[in-house]
Amino acid sequence: MGTPSNVKLLDENGIRLDGRGPQELRPIRLRTDVLERADGSAMIEWGGNKIIVAVYGPREAYPKHTQDIEKAVIKARYNMAAFSVDERKRPGPDRRSVEISKVISEALTAAVMVELFPRTQIDVFIEVAQADAGTRIASLTAASVALANAGIPMRDFVVGCTVGKVEGKVVLDLSKEEDNFGQADLPVAVLAKTGEVVLIQMDGDLSKEEFNEGMSMIMTATARIHEIQRTALSEKYKEMDMGGAE
Amino acid sequence: MPKDATGILSEIKRTYLIEKLKSGLREDGRKLDQFRNFTVEENFVPRAQGSAFVQLGRTKVIVGVKIEDGEPFPDTPNLGVMTTNVEMLPMAFPTFEPGPPNEDSIEIARVVDRGIRESKMIDMEKLCIEPGKKVMIVFIDIDVIDFDGNIIDACTMGIVKALNFARYKPDPEGPEIALPINNHPISVTMVKIGDDIMCDPTLEEEQMSTARLTVTMTEDGKIRAMQKGNFGSFTVDQIKYAIDMSERVGNQIRENILGEVK
Amino acid sequence: MPKDATGILSEIKRTYLIEKLKSGLREDGRKLDQFRNFTVEENFVPRAQGSAFVQLGRTKVIVGVKIEDGEPFPDTPNLGVMTTNVEMLPMAFPTFEPGPPNEDSIEIARVVDRGIRESKMIDMEKLCIEPGKKVMIVFIDIDVIDFDGNIIDACTMGIVKALNFARYKPDPEGPEIALPINNHPISVTMVKIGDDIMCDPTLEEEQMSTARLTVTMTEDGKIRAMQKGNFGSFTVDQIKYAIDMSERVGNQIRENILGEVK
Amino acid sequence: MGTPSNVKLLDENGIRLDGRGPQELRPIRLRTDVLERADGSAMIEWGGNKIIVAVYGPREAYPKHTQDIEKAVIKARYNMAAFSVDERKRPGPDRRSVEISKVISEALTAAVMVELFPRTQIDVFIEVAQADAGTRIASLTAASVALANAGIPMRDFVVGCTVGKVEGKVVLDLSKEEDNFGQADLPVAVLAKTGEVVLIQMDGDLSKEEFNEGMSMIMTATARIHEIQRTALSEKYKEMDMGGAE
Amino acid sequence: MGTPSNVKLLDENGIRLDGRGPQELRPIRLRTDVLERADGSAMIEWGGNKIIVAVYGPREAYPKHTQDIEKAVIKARYNMAAFSVDERKRPGPDRRSVEISKVISEALTAAVMVELFPRTQIDVFIEVAQADAGTRIASLTAASVALANAGIPMRDFVVGCTVGKVEGKVVLDLSKEEDNFGQADLPVAVLAKTGEVVLIQMDGDLSKEEFNEGMSMIMTATARIHEIQRTALSEKYKEMDMGGAE
Amino acid sequence: MPKDATGILSEIKRTYLIEKLKSGLREDGRKLDQFRNFTVEENFVPRAQGSAFVQLGRTKVIVGVKIEDGEPFPDTPNLGVMTTNVEMLPMAFPTFEPGPPNEDSIEIARVVDRGIRESKMIDMEKLCIEPGKKVMIVFIDIDVIDFDGNIIDACTMGIVKALNFARYKPDPEGPEIALPINNHPISVTMVKIGDDIMCDPTLEEEQMSTARLTVTMTEDGKIRAMQKGNFGSFTVDQIKYAIDMSERVGNQIRENILGEVK
């Protein structure tokens, strides 16, 4: 969480800098089949985030010692384009992206029927073309759709959202300014059907009451976001029925 | 160059394609000097100072341009700096691997860079703010996200579009301005299959070809950069033929991307 | 997470352990909310500005703190700098290899760092000497020399001890002073085996568990950092239960390490 | 191509800074058998360039996945010594040397009977001890001789030269100053017998007429340089006949 | 060896900065079984040095091409903790630690019955927690004990010490200041029984007479240090007899 | 140390060589304290400030010296800087691989460097131009291009020649001057085969030997650096014998390379 600042993130009516109310999501747009080589793909635009996800697999895990004889190994690779952030980022993984790749891989593993494909790997390549707070849960939300788009059997969808604290208030889906200058950030991803938590990270400063309030907001929001996932996939199938475009 | 998913191009396929070429047509019905359909969408990454999303057939690249201030090189104290980096992302093709650029990516980035740099598309002297101390640095970064051949030309198209429409603030308090642009280089990449020279190869055509030639030219008809690739050879006449093709096709592309230039 | 020396945990062992858990006890006889015995020895490396040697069961880590002056980050010109690095030394476990940190070490270091940083344990503003020019840099380096699970909590304990008792000279000619300390975060790491949540897992328990949760809190009852790991899931109620466990157990640990705080 | 400068590269009579006429080559000296461990070797001095080339192979390609079941793989490694340039160069490959290694490998492959040695590799190690413009074509010219010296069957020799443009005139075999301050650089390598082009790169600014003029000059020059290659090899054989020195 | 300085390393009575006489060792403390995972371990405190050594093996050498079909390969890895020196050291091996790892590996190989374990490797991991001059010979002295602690058959112990020259006098067991500002440093390790030299390095400036004087001092000192090695190991066995602590 | 092309030295060869040594002669007919023929050619790389080409038997190395200005190390603000790097080029031997220096190259470079540095061959104080700000940096880089044993001594010979005759301009406008040279260290490397100690080993002798010792001395008879290598051992008497050999042989080499020194 950032340093104190003079930025006023909430006005007297509880309205946020970008005009949203405390429980309001930024606009989300989600499409599948954006790439041709990949076995499955999706692009999500969530606020200013613009993220492309490609899925390859299941294919033989390589190198061999990474194979799991009981299940497929999900290897997510979260990568930020050099031009995705305000100051040009040097290409290649940094410690942050290594950590995010790991927690995304773990969350997706909870949803995929990995036991069906022993000794294989499923690659989930995530490219953040433009970053605007909440990239990890936007990535997860799109990755889940890209996996479905690749025809990989899943027991459930992973869907994510963040809450945070700004000026002492718990608010949904932090914007970049709120992420930079707020007091807490709590990204969570859940299984859509069961509501079980498959990713949770938090930093900042939350009382137990604030945590509980935030978790309720997330549960409500993820249900709405899951609808967007379903629509994205059904639009694809609609197109297929009509032998449609693209 | 990667093999296709099933390994190398099958002998049957190869025979079929070469047979078809005898009739002057390529597998997808194009003529030898015809590019695939392409679109170059501007401002795909609004927060970058310039950007473009290029679809060239099934090949897709994102070009992002960041313009920041920094120090000039010691031997060119009153010139701005430009760097070009191409990431062949593993999402673009089944056998692409994460990691630092391999020799293919490095060659591509350098050929693309050379075309822009040697054309003097950007007037580097105008990017100098304080000689020896502070100049503008133009970082060109390219994500290749879907690969079906001819990355070089897709990158060049995207860069020319992105630079042409880039806007930046040399002074954080001041207004946004455009880059000082001199001209608009276009690269045309051709391959040789049998004795035929054709432009804008698909991946399959790249795999079948014995030699590759990229010719980058500007609107004044000048050759600005060339690069031959692959194990085969060209006769001198074939090279001259390729230069002519580059000029003719390049002019069409330039107009397509930029409209009436200037 | 490494497999044990004989490969994966045997099925027989696993069945035995789960059976035992039904009686509310863990293999080593601990209750679910009970840490192993631990000691945190201060000043293990006298020449470092702060240090600690932690034994948590059979897990052993050395924490060393070096405090040097340097430049602040451009975007936080009047704040000191803190870095945290964890080396999973190959001496600590048969399958650990030399080389740069792998994803496990990186995650551990980042979770540990986040707990300390987000608690604002060190008052970073007081580490500024000359805004934009010179600040104190606190390098926290951790050697993991013997590994039997729960590195995160061992590291946090050691850091809190080492920072609390660190002494340094902001002016080489001046007196030694303590770091400006605001509070004392304690991380509590729990794992889920079957439906049981238990803290301070041994390596065997880590290998058997389906999910991991670290909750770092300060003495004021505030949650400062959380991190879930591994392939399984938690219900929201389980997370709330874990937060309660972290607060209760963390308070005991804090008192144990630091005595009556303040 | 460099920045404009005050250096006068041609005098009123078209004579160059180093006294050469427009179509004049710098002195070239080429010797074989300069190393004892290598299967073949050559050293070329070309103007101020001083380059040593060693050839090992054909030997089993390693690692295995680099093997080509139909032919030998030629792996050239162009390397500049730390002391080879004005300002000390950090050891190890940079992007420029990776590119040059690639185009040299490709050009040599066109000349070697690679189809005779499937699954093998032929290593061509190039060490630039002193660099003075035109290193890539000097390297290729020497590499070709080192391959012959190693007894590797070749269908033809590769021989290279550059032309460039200085003060608006096309001139042969650029010197270092001409390379730095000139207007175009066109390195070309051809097969000696057929004149087919196996390497061509260009940067700067050339009209089509200038390009044609330059290519003619290169064709004439490479014929002369190929004679130097033949002499270097025949001197070796002469020595062998006489049971000669070394 | 350091630069000249104003530090007075010897007083008029030949007493050193830390109060020692010329032939006096710093205090040495050596313990075994300090780690639980390792097959053998030891910790040595020697003056301000604090070094932990762990031994794993013999185990199959990996990667395979490192296997020796006639003997075990000893791989020592000398590493300095980031906090072990005055100015924080970046983690990872530097050229100095690569060299020290090599000479330590070679010295230990002379003592271990490596011929009994072909195709295996024996890893000796050395972590310098605090460095205070003489770390390589302190590491070797402890490593020898850790190997014995791991039950690895040895034909002899390796035991080391340094001499150096300060203010023109040869003195035993250099301290940090003497190492920094002295005129020569001569670390030596010998086999305890035979006195044969298995490690010797030297830098600075020594006449032949000074070298001979220094070697005699080392031979006397290593005999004493070897007693400390034997005591450390016998204390362990004493504990085992009594079913003792730890 | 690399094996020869056919794998390890054959047992038959080994027996033959040891048998021959009993007569006091080495395979190539040399005596134990005899170097191979060598030549040290000055100014092989004219554009470097100093250079040498060394042939020691069939071993060949190129030494290049670049002298540039730069910043001193913070702890030695009024001393010049010297670095030594040895590249065991893959052209030098069938099994040498490209890439960063391995432990063999690092040891060689450090032993060679130590001999030059500890002898104080260059008067580093005279390389200081402005204390704490600007000093001369002497970059010594060595290409090993043909390998038949005893790289260390070949490098030292070449460096001593190259430094002795180096010329540089501390002021770009001013005249060329020589480096401030104090003395001329020579390293002599010896190996032990059976109980015999012999200098300047060929690769075959290196492969057969059990231990290696390098002793670097200056013309004043002082020992400046020593390094033992390999798995075997020396008695103290053997080391003293080796020091005597180094002094005697080193004096011949020094005279051979430099003529009547000073």
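Some observations on this one:
We just call them A, B, C, D, E and F in the order they show up, numbering each chain from 1.
Here is the rule we use: contacts are C-beta pairs under 8 Å (C-beta built on N, C-alpha and C of every residue); 3 or more make two chains touch, one makes a residue touch a chain.
Since this is a predicted model, take the numbers as computed values, not measurements.
Comparing the centres of all chains, each the average of its CA atoms, the largest separation from chain F belongs to A.
On a Cα centroid basis, the chain most remote from chain C in this structure is D. Here the CA centre of chain D is 52 Å from the CA centre of chain E. Centre-to-centre separation of chain E and chain F, using mean CA positions: 27 Å.
Taking each chain's centre as the average of its CA atoms, chain C and chain D sit 59 Å apart. Contact of a single residue of chain D with at least two other chains is seen at no position. For chain C, residues touching at least two other chains: there are none. Chain-to-chain contact here is organised cyclically: the chains close a single ring, every chain touching exactly two others.
The chains touch one another in a closed ring; read from chain A in the direction of chain C, their sequence is A, C, E, F, D, B. Touching chain E in their complex are the following residues of chain F: 76, 79, 101, 103, 106-107, 109-110, 114, 117-118, 213, 221-236, 239-240, 243-244, 247. Those residues of chain F that touch chain D in the shared complex are 44-48, 51, 58, 60, 62, 64-66, 68, 85, 87, 89-94, 98, 100, 139, 141, 143, 145-148.
The residues of chain A lying in touch with chain C in their complex are 1, 3, 95-96, 98-99, 101-103, 106, 109-110, 186, 191, 194-208, 211-212, 215, 219. Chain D meets chain F in the complex at residues 35-38, 41, 48, 50, 52-54, 56, 59, 77, 79, 81-84, 86-88, 91-93, 123, 125, 127, 129-130, 132.
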